[in-house]
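In the part that follows, the structures are each spelled out as structure tokens.
Both of the next two complexes hold chain A, though its partner changes from chain B to chain C.
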Partner chain A sequence: MILFDLFLILLIAYSVGFLYYGLYRNITARFQRRFGPPITQSFYDSIKFFSKEDSTSHGWMFYLGPIIMMTGAITTLFFIPFFYDRADFRGLSDYGNLFVVLYLLVVGPLGNALGVGVSGNPFAVMGVTRGLSRLFAMELPFYIAVIALISINQSADIATIASNQHETINAIAYPLLFIPALFAFIGMMGQSPFDVVGAPVEVYSGPAAEFSGKFLALLMSQGAIFSFAKLVLMVNLFLGGASGFMELLLKTFLLFLFVIAFGSLYGRFKTPQSIDFLLKVPTVIAIVGLILATWS
Partner chain B sequence: MRIINTLLAFLSLALLLSFWQDNFSFYVDLALLGLHGVVVGVKTSALSNVFALLIGFSWLMVSIASFASKKNTHSTLFLWLPILSLALFLIVYTVDYLLFFVGWEVMSIVSYFILAPTLTPKALLKYILFAMASALALLMGIVILYSGAETLLYIDANHGFTLLSQQMKMILVLLMLFAFFVKIGAIGFHYWLVDSYAQADDLFTTYLSAVLSKMGIYGLIIFLTQVVDIYSLDWKILAYTIAIIGVTTSVIATFKAIKEDELKRLLAYSSIAQLGYIVTILAIAGGMGGVLYHALIHTLVKLLLFINIASIIALTNRSKLSQLGGLIYRTPHSFVLLLIGIIVLAGMPPLAGFASKYLVYTSLLDAKMLLILSAVMFASVSGFLYVYKLIYGIYLGHPTHKSLESVDEVSKWYLIPQYIIALLLVIIGAFPALIVPTLNTVLVQLHVAPIPFETSTILESPLGAYNGFVVMSAFAVIFVLVLFFVWRVKSKAKNVKNRFDIAYCGEEPTSATPLHYGYGMGQELQRVGFIAIIWKQSSASFYNALTLMLFSLSTRLRKVYTGNLASNFNWLIIFAIFLLCWGLE
Partner chain C sequence: MIEGFLKEQQTLEGDLNSDTSHKSSVEYLINWFRRRSIFVLAYGTGCGAIEMPPTFTSRYDAERLGIRGAATPRQADVIIVSGYCSYKTLRRIIRTYEQMSNPKYLLALGSCTVNGGMYWDSYNTIKKLEDYLPVDMYVNGCMPRPESILEGFIALQKEIADGKASSWEKYEENYEFYRKNQEAVLGKKVSPEYETNWYLYDGGV
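The block that comes next holds the complex of A and B.
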């Protein structure tokens, strides 16, 4: 039964993830006064990549990178419950908690970083360097917000935190926690102004530089799944969770729309700039929020 | 020498395990020596058994690794190592501060003898100065404690402590904290540590980091729980002070580690940072479980990492990240073992490091130290940078020298202890509560609440539990499925024999192109304000200022005490007159 549940969770995350990815390309195009590709284009791309031959290989660790990344994404997804009051679509969330999820979120990217490192491409490693240098600044406001939520709810269980928001959702009850977490979340989704890791379009660099064929397809697919997992986590923590699919899709989509709109409007920070900003603005807000929310 | 040493290590571990449950105690009254009322002794307890296990295990692992070198290069090391280990056993098994001090002194002096052949005179001087300062502080503390209840046994120490005046209590606490913080290398007191770790014999560094630093933790546990009885005493300020020192240590040492290029210095700072986590939760009542758990995991992981580093240094004769690189397919076993090590060090699920980090976090949450917890998590995430740098610099990227392209796998004597430790770390990762019953016996002995325990797969805490077995199996099963899927998808790939065949903006790099790019990662953090401050500041400047002050003080003293016999005689007469007047009063 649980296997079927897990399969459905994966299927939904995969399809919704690609749907959102398609929408992302469309909506950003509109921001830039273009029309953009059809919504299904990204999905077709990923399928196409699976059938292409990969041009180079740098040994077994190079292959394992994207595979660990995919594993990390799927494992993270399984430990986040979709709904707070239903027995199904809970995945493995009963066996873990928020701390497990927080750490699982970084397992995949770090695994991939090994694959990137072994490729020996300095431009790819540049992306990893940027990502890791930025990581601690990005996670700090998010962690502070999460710590406050755990302390308020006296539980590290995601479903409990989601269900405790019956009256007011956390985003409204604790805006000084939500805002810094949102900044960090924009970074986690790889959007501007914190998107220097992949540095899409402009620079010939980023962790994916050396990958091709089915491994690039794997990276694309995990991106779709991982994005949806992170959206569901954020909805559970701050937007009151969901009790049905419509609510879940609506809330995740609204959050997603906000993130890509924000990303389209702002320019890109350099790595030290983004660290500086994240440590000065969101972190300070988060500390104030933490003190206000838990002072008693 | 090595064989005898290994046999002794094995014997001590075997003895320890076979008498694990037995209670043994032995007391001597020193009245025979004219010291009336002074009783010393040794006794087995759950706490001392756990620490003795760490000592015995580390001793054995280091001894096994020593067979790797063909020449008997470490001969003096293995002459002293049994004596050092005996001193450590004395420290953990004694029940009074006299034998504790004896063990502490023997430990410091024997370490000096081991360090002496390899350290530069300056580093050696730093080591011995700090070791002596630590021992002196400890001795003064013991004397103060004795003035209270006129006994040195731990069991009466709390009574003696309560008899002291408030000022004396304060002085005692400061002295003892100083003594133990020096050994741990808490920030500010770590001045000696990094140089000693970096220059010591590679295998002895392993022992230093895995075991000797834990003696500071053991001393603190004994002092805070048995003497001060910090949990029943509502001394919040002390708990907060210790926690803040701990977390500052972690944050600063983590960023110092990020900047390091030398393997052993990097791991030395990492060691300081990890012990910082332990110190942070030492003074809170719910933290003792985390303290013991993290001490255990840290011992294992530092054994693994330092042995790995030692093997790489022995193999390549290079000890800097900027001089290594690209060893992964030359030494695949070492790579996988280091990978396991850094996953544990970073505290990632599904391995054992996550379990101990989990206990650290939840105990801080439970104690409502939320800002400190934020800082601890910050340090922990920042640590990802140096662990990646470590594995990248050695094994990934490009070889920085031709000689690195033709090396072979390291000696099996290095691999055996690493595999044993890695296996333990994986098992503890899947069964995070496996060691909880053992730890609980210690917690009961220390009169703190035990960690809730149901089955060995679920690690419980006041704020929720997680199932290590499910996390690990989920990860493993998904990994295998994805691997299978990718493998089945048909595709052709040409394996690049030429490592320069990379996507490089349409050009082809040559061997002169600096491709081993990532070894310096983190350098751009220089532009972030507070990190630049951490990097620029060094405790050296403080100690240099202290030295200057001492110099000027001694110059003044020299004006009085000129060394001239006649003036000394004059002073003697003045002193005699003073005494005479005082007597007449």
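The block that comes next holds the complex of A and C.
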């Protein structure tokens, strides 16, 4: 039964994640006053890459990179419950709490860094270096906000935190925790102004520069799954969770739309700028929010 | 190398023998996806490169047809040779083309790639690109406008959907022929020797 549940979760995350990516490309196109690709375009891209040959080899560690990333994305997804008051679509969330999810969020990027480092491509290495330094800067405000939430709810269970928001959602009750977490979330989704990792004209496609064919398709698929997992996590922590599919899709989509719109409005920070910003503004706001939340 | 009438005869017979009507449904489906998703290497070789930015940005928006840019040859499906091609550039094009993963396609822009164009008597440009690399689609003009480039892409998409665009197979089958022509202009050392850790030295990372 739980296997069937996990399979359904994976299927939903894969298809909804890709549809969101298609919408992302389409909506960005509308922001730039053009027609844009169909929303199924990301499916076509990934299937095409699965049907291509691989031309590169840098040893087995290179191939393990995308696989570790995919594993990290799928396990993260399994530990996040979709709904707070339903017995189904809970995945493995009964066996692990928010701490496990926070740990799993960094497994993928670290594994990919190992794989990319083996390739020896200078642009890929540069992209990974940027990604890891940005990751540490993002984690600080996000972790402070999450620790505050855990201390407020006296629980690290994601479903409990989501169901405790019946009257007011955390985003309204604790705006000083939501805003820094949102900044960090924009960085996690790889959107402007924090999109330093795969910056097209600076480091080409960054960490993905050396991957081709099926491994690139694997990276794209894990991107879709991981994005949906992060959206569901954010909805559970700050936007009151969901009790049905319509609510879940609506809330995740609104959050995703906000992230896209924010990314389309702002240009890209340089790497030191984005790290400085994340370590100064959101972190300070998060610390103030933590103090206020624990005092009251 | 077979030339003239014999070559023509061979092409005609080749057309008769290839039967595309009995393709399997899986092949048909994969070709359909390949047609809908084309990643173009962002690499301009000649004056025609100036027509590529408007093709891919808001004015002509190639992305609505599934055509978008790719930063590295590993991820690209199509390389555009946009205009005249000097010996120095040809070396880079060959190196880039050989790094791309199969199936890969080559789109040639402008009359310079067909017969040398206005550079027909230049001392350091090649005349016929077809002698050095296999070409899937020519877009003629000097230079072709973005509309023509899009039309060329659509024609290429049709060929991909029919399974006819198979220049990479041609390159593998007739590699000796292409290599001989490449060596005639570039010397024995067509592509540089690949070193895995070049970036650690002389001012690298």
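Please note the rule applied: the second predicted complex is superposed on the first by the 290 of 296 C-alpha atoms of A that agree within 3 Å, B and C clash if a C-alpha of one lies under 4 Å from a C-alpha of the other, contacts with A are read in each partner's own complex, and residues count from 1 in each chain.
One rule holds for everything that comes next: a contact is a pair of C-beta atoms (placed from the backbone, for glycine too) under 8 Å apart; a residue touches a chain by one contact, two chains touch by 3 or more.
Everything numeric in this text was worked out from a predicted model, so none of it was measured.
In the superposition on chain A, A:Pro175 contacts neither chain B nor chain C. Of the two partner chains, chain C is the only one that A:Arg25 touches; chain B does not reach it. Which of chain B and chain C touches more residues of chain A is settled by the count: it is B. Using the contact criterion defined above for the overlaid structures, shared-chain residue A:Gly213 touches chain B and also reaches chain C. Within the superposed three-chain model, A:Met126 lies in touch with chain B and with chain C [touch as defined at top]. After overlaying the two complexes on the shared chain, residue contacts for A:Leu104 are found with chain B alone; chain C is out of touch. In the superposed pair of complexes, A:Pro37 makes contact with chain C only, with no contact to chain B.
Of the two partner chains, chain B is the only one touched by A:Met70; chain C is not. Touching of chain A by both chain B and chain C, each in its own complex, is seen for residues 51-56, 120, 122-123, 125-126, 204, 209-210, 213. Of all the residues in chain B, the ones that touch chain A in their complex are 326, 328-329, 335, 339, 346-349, 354, 358, 361-362, 365, 368, 370-371, 373-374, 377-378, 381-382, 384-385, 388, 391-392, 395-398, 463-467, 470-471, 474-475, 478-479, 482-483, 486, 489-496, 499, 501-505, 514-515, 517-518, 521-522, 524-525, 527-530.
Interface residues of chain A, counted against chain B in their complex, comprise 50-59, 61, 63, 66-68, 70-71, 74-75, 78-79, 92, 95-100, 103-104, 106-107, 110, 113-114, 117-123, 125-126, 128-129, 132-133, 135-137, 139-140, 143-144, 147-148, 150-151, 154-157, 204, 209-210, 213-215, 218, 271-272, 275-276, 279, 287, 290-291, 294.
Chain A contributes residues 25, 29, 32-37, 41, 44-45, 47-48, 51-56, 120, 122-123, 125-126, 200, 204-205, 208-213, 216 to its touches with chain C in the complex. Listing the residues of chain C that touch chain A in their complex gives 30, 33-34, 36-37, 39, 57-58, 61, 63-64, 66, 68-72, 74-75, 77, 99-103, 196-197, 199, 204-205.
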